[in-house]
């Protein structure tokens, strides 16, 4: 109840332009097909126009260039963004500190915030530091000397190895492994691989989110570093000594090989990869299932294996299906030219 | 012992044609090289012919078009299928209800079938419903309000998040994560990614099997839905709001991006991917390491990045290695044509 | 302290050529920028030359063909290998047997070495055998009849299913799943997939290391076999009945489909794949994100989808971006030839 907002306040929150009754009270958020009388909803695409008109929502957030005929709406630049801001407002709730579950096993000399939740079957090593309002879910294993900042959540069955340092408001989804050994070997003359000790750690900035079953390896020396605001999807591999800049997006099943540095606001599509020891500039976008084989300037748009400029790749990929025909054409042309050469030459010889 | 079947009964089970003694008693199943006197074995390929003749098996399931000279055999359309049916018959055993292990932590207001097994170190949230003959293996974490149907098995160290609904005879292999947050953000003008709350759940139909360390994300709103009979291999990523139709096969490391719908009996080869918000028709088959970038009709055969018609792709992929030579040829042709043009032109100029 | 070595001893350990004071005492190892007075460091690339000269290290391991002007150094063929050998010497420590944690749940009729560590919340099935100096970390689940050799470490939240056999000095990183069911179904006429029982196990040789969240499936019959000395990175999929030869390297997110055999010292780059039922010869190297579709001889160098000879692929991949231009050129050439044909023909017709 205490979360009620007038449509006017809400429009200000999302920097939108209000059309309708400014004093209308909004108490929740829902999608067009299920929003109720006190809810605000959102319309991002004209194809949902009919749903919008028929929706039970009290008001609607409407993206640019979409006409609507409803009594109350707020026009915004990005209806997804406005929705997210408003939803997060309505969903926010005070931290419910559950304390430490009886079945959890806690190491020595740990320092925990006053308000924390540590779930069942959790194992926490020695000298671990947890900030305020940290939640460690069931089945998590945290090694010694790990630090986790205020407001962070570690979901179930995650493993965080010794010495890793996580910032504030970090979310690590189930099954992730943070800080396991980097993949580093030196091969002797018999072909036997001698392990190079992995002595560094992992550093994760504020507001980072890492998807289920993803892996971030510890550095050989120094740190593997995921900077603040970066969001990583499921089943992503981040190799040792990688640096991922602020607010980057690594979509599912991406792989970044060791010692590569990504700039800020880099986007890598699903199943894309980058080789090791390269540098990718700020704001670069890489299409899914592409492979970056070399350094990239800021703002590049890349696709392909190896990745080239995106539009160029798209043209080549389109031409790819014509390759067999092209091959035939060229064979035919060669034949024609050869036969004409004969014709050209015969008069010469005779001449 | 009580599992003994006559060869006649067994031939009927697999709709096969019996050759030999119908009253022969069969009590087990084994591969050609280790089958014993009471066993039936199987022959799928002539290259194992010698093994078949020398096998200690009492009888053999033989695929179409394979000649054999053994006393007792059953000719079937698909020797793999017949083997699977018979093996499953011999391996079937009554459910061995182990009850709830002392170390398991169970929430409040749960409803469990009378015959269940809950392993050591399991954590189950509030209001969880487990059907009859459900097995929850060691280390599993199940969130609140999850429902699991009769005869399902959740293997070790799986995480199932709040509110997910699993059907009957479902098998979830170790390390899977079902129902973690979908990957959804809206980006503000500063480049900061605002999380879009993921409020839906995951619904899994009957007879679905999901391989080790695979992930199925919960929907933004509504459900991510794996329909009945679908089999998913290891390390597969299924994004939020994806629908996978009945009896589909997603081979290892496949990735399906958000809001994509696959039809029934779709097959995606290992490491293949599909972008988000597309629709793939029934029975479509996608080669491994291919990427679907747009809607696909039923029955398509696809390969490549982006995926095109399979045979077309194969021809182009074969031609690909000739590309450098082709480039040279065309350069040469251009030179020849240019020189002839000179020749052609020179008489004109002189004429 | 007792680990101190003279520079002479150390040079012998790495088969290096000493320059400087043979009696210099070395007590540790560190990277150039943090090595202290008693440490040895390493220089692998001339670009770190300045760091080497300014380093606080007492001595430096120097790779071939790199000039250095420091008082004490050891010239070696491979500075990475020499470093690894020396680091491992200094880091080696006696096994610290922690015994069995109170919260661990241990099955019946197990046989454990005298010196072992079993962490918190571990679950071990019946008839499990652990050798000497084995460490089972927190949250691990081990099925019945598993055998693990001397000196092996199973990191947190790993699952090892029934009957698998691990050699000596094996390291399994967090979240791995060893021995879950292979992906095998036979499809009936209604399109329903009947599970083929997976009755084999997994065998892992000595000195094998498997990265975080990787999966090795059990065989249908017989064994899936990772031979000694092989190193597997994170999120790798090894299908049922696969054999990986000695000292092979499978980089992150590689996938090997069922019944494929890799030789010894095979290297597969990140996100590469191999289809099932093929054979890949000793020493073959496969570029990242490539797909092997057929048998390969020993020593092959492969890249592409499907993989072809590496240099050939590189040339074709380079030519790929010129494909649209090539298409235009050939169209133009065809037009020119057609118009000339007209010219050629017209005199004939007129003649």
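Residue numbering begins at 1 within each chain, and the chains themselves are lettered A, B and C in the order written.
In the analysis below, a contact is a pair of C-beta atoms (placed from the backbone, for glycine too) under 8 Å apart; a residue touches a chain by one contact, two chains touch by 3 or more.
Model, not experiment: these values are computed from the prediction.
Of all residue numbers that take part in the contact between chain B and chain C, under half occur on both sides, making this a different-residue interface. Per the C-alpha superposition, chain A sits rotated 120 degrees relative to chain C, a value rounded to a multiple of 5.
With centres set at the average Cα position, the gap from chain B to chain C is 26 Å.
Residues of chain A in contact with two or more other chains: 103, 121, 139, 157, 175, 213, 235, 253, 271, 289, 305, 320, 322-323, 326, 330, 333, 337.
On the side of chain B, the complex with chain C involves touching residues 31, 34, 78, 80-85, 87-88, 91, 101, 103, 119-121, 137-139, 155-157, 171, 173-175, 207, 209, 211-213, 229, 231, 233-235, 246-247, 249, 251-253, 264-265, 270-271, 288-289, 305, 317, 320-324, 326-327, 330, 333-334, 337.
Against chain B, the residues of chain C that register as touching in their complex are 103, 105, 121, 123, 139, 141, 143, 157, 159, 161, 175-177, 180-181, 183, 185-188, 191-197, 213, 215, 217, 221, 235, 237, 239, 253, 255, 257, 271, 273, 275, 289, 291, 304-306, 308, 312-313, 315-316, 318-320, 322-323, 326, 329-330, 333, 336-337.
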